[in-house]
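The two complexes that follow have subunit A in common; it is paired with subunit B in the first and with subunit C in the second.
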Partner chain A sequence: MAEEQKKNENQKRRTATKAASMIGPMVKELIAATHRAKAEGKKLAYTFISCHYEEIVRAMDVVPVWTENFAGICGAKRDAERFLSRAESLDFSRSLCSYALCGIGFDQWREDLGEMPPDPPWGGQGRPDMMLSSGQILCDPRNKWYQAAQQFMPDVPNYNFSIPWPLYDDDIELTEIEPYYIKYIVSELKGLIAFLETQTQKRMDYDRLGELVNLTERTWNMIWETYELRRAVPTPMDTGDAMNTMVPWAFMMATQESYNFFAELNRELKEKIARKEGVIKDEKYRLLWGGGLPAWFALKDFNYFNSKGAVFPVETTYRLIEPIYRLNIPDTNDPLERIAYRWFRYWTYMYDKAKKRPGSEPDVERLIQFIEDYKIDGVVMHEAFSCRTWHLGLIWQLSQLKKIYKPVPFLTIGPDGTKNVEHRELPTLILESDIIDINSYSEADTRNRIDAFIETLESIKKQREN
Partner chain B sequence: MEEKQKGMWPLVEKYYQDYGSRARELKKDGIKFMGYICSFVPVEIIRAAGFVPFRIRGNVHEPITKGNTQLETIACPFMRSCFDLSFKGHYDFCEGVIIPHACDSMTRSYSVWKYSLGLPYSHFVNVPHTVNAASLQFFEAELNTFRKSLGRYAGKEINTAEIAQAITAYNQLRKKVKALYELRKTNPPLVSGTEMAKLLTVTAGLPVEEANLLCDQALDQLPQRTAPSDKKFPRILIDGACIDNIDLVQLVEESGASVVADDLCLGMRDFWPTTDVDQDPLKALSRRYLEKLNCPRTFRQSPGGSLSDDLQARFGDMGAHIKEFGVDGIIIYVYKYCDPFGFEVSARKAYLSSLGVSILYLEDEYSAGTIGRLRTRIQAFLEMMG
Partner chain C sequence: MSVYAAGIDIGSAFSKGVIFKNKQTLGFCCIPSGGDYRATAEKIKKELLSKTGLSSPAPIFTVATGLGAKMVGFADVIRTELSCHARGIITIFPSVRTVVDIGDSYSRALRIDEHGHLLKFLLSGKCAGGSARILKKIAKILQVKLEELGPLSLRSQKQVDFNTNCAVFAESEAVSRIAEGASKEDLLAGIHRALAAQVNNLAERVGIEKDYALVGGGAKDEGLVKAVELMNGFNLVVPSEPLLTAALGAAILAEEMAPA
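Showing the complex of A and B:
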């Protein structure tokens, strides 16, 4: 019985695209490459995803070690617990970001032993030469994790740069505040470059930086265009696969390999669409993954949705890109300004749209856009208990969405027998567990909730058909 | 006790037990209130706009209920309690709410506050994470945006002289509170930690002039006190985020210790730093709130590069207070789900251990329901200290 259970746990999640199935070996190679680089004497830096410093780090020939990636791998392999409990024994509460706890537990263990902990997942996380913290407007752990890790690696310098964006406020005119935001972000990026120049004893090559910014912008466009192909009915790729294909976006940005990956995925999706080949044969319900990082240890739940006839053509998670043309970045040859504008305008470009719909906000507006563009029947979110960054405000977003957006027609019969068509909100579901702490997860409870949600979708579908 | 000896304490007690009662009274006279949460909101600008800044407080004795319908339970429990009370209408005399970029719980809940409360005004003050010349310039610009926004709502242009006047009033309050802390240096202290916690909590919900008056009265009265006995108790410093209920401090003092100092938002962290008066008011405010307020959400680049330099830069002020107030033991008190403080516990313990003080680390949930468990831990800690 136990062996059967273990066998089930070890079974790979079924992917719909070849591209997604290639991700495992790619990640292994990414980690192996950091070990080779270390052996060759190259500088390694601990880094966070989506900080828009990829071009700078790569232009300086610093090798990024993506600490969230390693924690996610530990979670996906169901091997995070020993690192989480080690961090807990060092007075880090289990209520804190479990990515960070996993990383800190691993680092402290490695430093304690002077070598990798036993059986480290995929070779383990290499010792960094520096750590690049990121004080954004969101994610306290990006501001605190490396500072905490430094206690166990006191010789490894930690540099923190602050890249804010403004929250949505009705009475703020973006044109008034953008200049001082851009000025500040550019200044912080320059501070980061100065730090890297000191650490590497080499000067930034701004021409090369400009080329990498170009490459990143082309990659953003390619990702957008590729993911938009998923609008097709039946959809050729769903969120289960997107949780794999996030790798070249998050951990390989500003490399030709990332661009090539999405170009290949683009080709694959077009072929599938031509063949009318969907994720599943009989696509009944199209769902939006509307928020929350996935439970990395339970990605097979996406297959469970599929088994019930549900697919996810689109997700907000790891879709932190827009086509560059939509951002209207001012004409400038300064690569740092381009990065700064890309950052600022990515986070704010929905603001004008939100202003036009009373009660809306950019996060809610994004949900509405995806619901309409992808012909969505229901919204699913995941609340990970250890992450406030991406999981606070989900209840409110759904509540606000229901107030201002009611796309589902239903028939009512008045007292005099007249038939009227009214509209109500989309069905929604919030799943609960964590990103990597498996103690928070109950497969039975999760699947019961999914079953109940599917029944709701079924009921609405029948009403529509009638 | 004679009525005269009681002085202002019955009023403090009244305002503490019915927080917001004075605001409701004043509102009838046409005084306007503006709610805010956290020490990073520049109250001077609110005051200069003609509003009384009212610090939104939670209540450890009231279960969080209605708030849970709009806000996830994985948020900071202190902030959830503040939201819950606001959502239930406890602070409906406030015309708006100001929330700063302090932590994820505040930032991610800003929209929830804004829409759930349906207040006429709201604003988010974006505080950068790093401290350098560019950050200070950015923050000054951000404060100017806030000044203009609040001015538009108030129907007036908030001028420099009005901000300077408010700075003076709040500096006076902070200096008076600092003078009150001096009375805690004696052994035993002339004012208990419980009394101070009550007084400081109350001042955050009053017009600054009335808060100044209460402190004046306390400063007149307290030095006349004689110590209740010669018995000397262990001297405790409480370190943590925002404690706006007296229950923990009272528990420590009932267990046989004196709380003589703190590193708390409604305490030395917020009341110690004053605003410079020899420069442009917005520039001075940006410096006070970003550079002088020592909160873990703000990152300070290590000056010397070594870990000990870094710990000294981050916690050195607490180290100085430990010496100044003759502290024997520290209680590190952190709310569950608090990332800024939670990630620092290990480093704080390392630093404080190097000073040779006893340390107790408590993680709590912002609920009076945990008092029994805390009592056991605190009593054991005090016994261990001897």
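Showing the complex of A and C:
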């Protein structure tokens, strides 16, 4: 037993920050809290991340059960296979979103037994009183997952709401269409509130909702400011840790604990920067995690990058925030309008920038911004086969980037007339596996790719030095 | 006296070795990898030594590469196949900028600079789709030798279309086509075209820049080479010993890295 425990500890990913190392117990507590809430008679709701409904759900005293989080936990513990297989045995295709398959497999098993399946990861996912689905961020499983789950929980209502944003187009005029979108999003949020009021038999406290919206906005600012500290060389925190610290962003938004967590992380990073303490001692290559959800069962691959002198000061994944001041949200006392503007402007504020670069797109602009701000040497992406929503665009984004970061040296002339030869070749690596389906993963293959990528970075560095 | 440099490439089907000194190849060998890579590496070392007349204690600096590189107990350094292919091909053909290695378990596309530095690369997926494995399977089904595949394919009059990129599904699809009466020649031409499309897709994703070379076991198959050429509309570059490129590159790197 002791040996097994030691082996498990050895398998743990090494974190660079104390904050990231605290995440495991925090997640366990989040799940335990849902079980306690259920026992106390509170209402539980299945929820998805990044739907901007956290303030509404919390203001109604409904306890969120983050189904993507639970699937991720199963993946990280390498214990998803039995739930995926169960879903497959119910005729759900293995090529569907593996988060959804895992959740469906677990739910069906729990409903079948009338209790948690054996050895449920971290206590298991509690039975919901309602489900709140939304297919925004263009993820169709987030529309269909809970509908499918209703096969096993026909008594649990599912409320599907929509908060859209306009897809990018060169000739889009945001100022013309924004009022319509805001009006529509507010009406959808009102519909959600009406549903929650029916389910809980309580009225929404709009003052409390307003306070929670303020808290969320302060938290967004704090996260942005904190993550920007990672620009430091050497970087004090990399993406490996950010895949942990996403928890208070994704699953604890609109709570004081989330704000406090990032305030504490902010303090820790500043201390590390003052001590010039990096993720690794000899930082050779700075990489951007340019997209795709991680393989939760293989987070140790970040340590493998570190062992080769590579760090990730920044990532696009789980960085779905901007400082609120940058979004120029109009003055309004209506908390629903504030949520609507925050949503709309987060997704569209890069549009003007993209328009100025022919062939670009907002997602590519975000990559360029991070590449320049964080002094990036290479880009790594992860194609998770079961996450169609995200990985379909990755290769296109890389091909657009290739047009900007060309392999040929070019001449620049500075303001004082000095001529410089610059190299902007930006090597890229695409890792291939899945978010939680470990059958898709080969450690030997992945590490072979990483080794080759490091050799590429080394080659380019030498070429520049010559 | 400078040391000898050896490059050992342990692949999933074949293992290769090159011994090198003063930028000259002194000997090489290629044997099936079998199931014990450690023993295979020792066998290659012995064979290389016998070809050069060296005795075992002679100072040899070794760079190992390939799937079983870690099993080469006497290796001084391990490098990936990609870097080794890059160095190997640029030594043989200095004008090459795009390389595709068609191996038994993977295909790999590389873009390199004039010094043989790796600029960009892509590997085929975890499954055998896009690798030369399918050629072995088809040869077995058709009961022909691997070296016969190319000439047969080039005699095709009407190639068969394949609907899958998967090596396993392609095998069953081939059996169905045989049952429908397709000739060996047409079947092979279809297989070559399907594989060529996958290989070329990798190359396009790293950016095809001439000269474009094919290496690895697949490059020995002239039917496949022709299919890739037809897809691009220009001739490819293929070394006379395409299986040895990575081992040669490893030997070159070994000579550079060896202590003076």
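By our rule, the second predicted complex is superposed on the first by the 435 of 466 C-alpha atoms of A that agree within 3 Å, B and C clash if a C-alpha of one lies under 4 Å from a C-alpha of the other, contacts with A are read in each partner's own complex, and residues count from 1 in each chain.
Throughout what follows, contacts are C-beta pairs under 8 Å (C-beta built on N, C-alpha and C of every residue); 3 or more make two chains touch, one makes a residue touch a chain.
Here the structure is a predicted model, which is why all the values come from computation and not from measurement.
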A:Ala232 contacts which: subunit B (first), subunit C (second), both, neither? neither
Mind working out whether A:Ile460 is in touch with subunit B, subunit C, both or neither, as first, second, both or neither? second
Counting only touches as set out at the top, which of subunit B and subunit C does A:Ser133 meet: first, second, both, neither? first
Please work out whether A:Ile339 is in contact with subunit B alone, subunit C alone, both, or neither, and reply first, second, both or neither. neither
Touching A:Ile395, do we find subunit B (first), subunit C (second), both, or neither? both
Partner chain in contact with A:Gln147 - subunit B first, subunit C second, else both or neither: first
Classify the contacts of A:Asp169 with the two partner chains as first (subunit B alone), second (subunit C alone), both, or neither. first
Touching partner for A:Ala452 - first (subunit B), second (subunit C), both, neither: second
I want to verify the contact counts: of subunit B and subunit C, which reaches more residues of subunit A? B
The shared contact residues of subunit A with subunit B and subunit C are 395
Residues of subunit B touching subunit A in their complex? 69-72, 74-76, 101, 103-105, 107-112, 115-116, 122-124, 126, 128-130, 132, 134-135, 137-138, 141-142, 145, 149, 152-153, 296-297, 299, 301-302, 305-307, 310, 334, 336-337, 339-340, 342-347, 349-350, 361, 363
Give every residue of subunit C touching subunit A within the complex, in rising order. 67, 79-83, 106, 111, 113, 115, 117-123, 125-126, 205, 207
Touching subunit B in the complex, subunit A uses residues 90-93, 95-97, 100, 133, 135-141, 143-145, 147-148, 150-151, 154, 157-162, 164, 166-169, 171-172, 176-177, 180-181, 183-184, 187-188, 191, 359, 361, 363, 383, 385-389, 391-396, 399-400
Which residues of subunit A touch subunit C once you look at their complex with the stated criterion? 395, 402, 407, 425, 427-428, 430, 432-433, 440-442, 444-445, 448-449, 451-453, 455-456, 459-460, 462-463
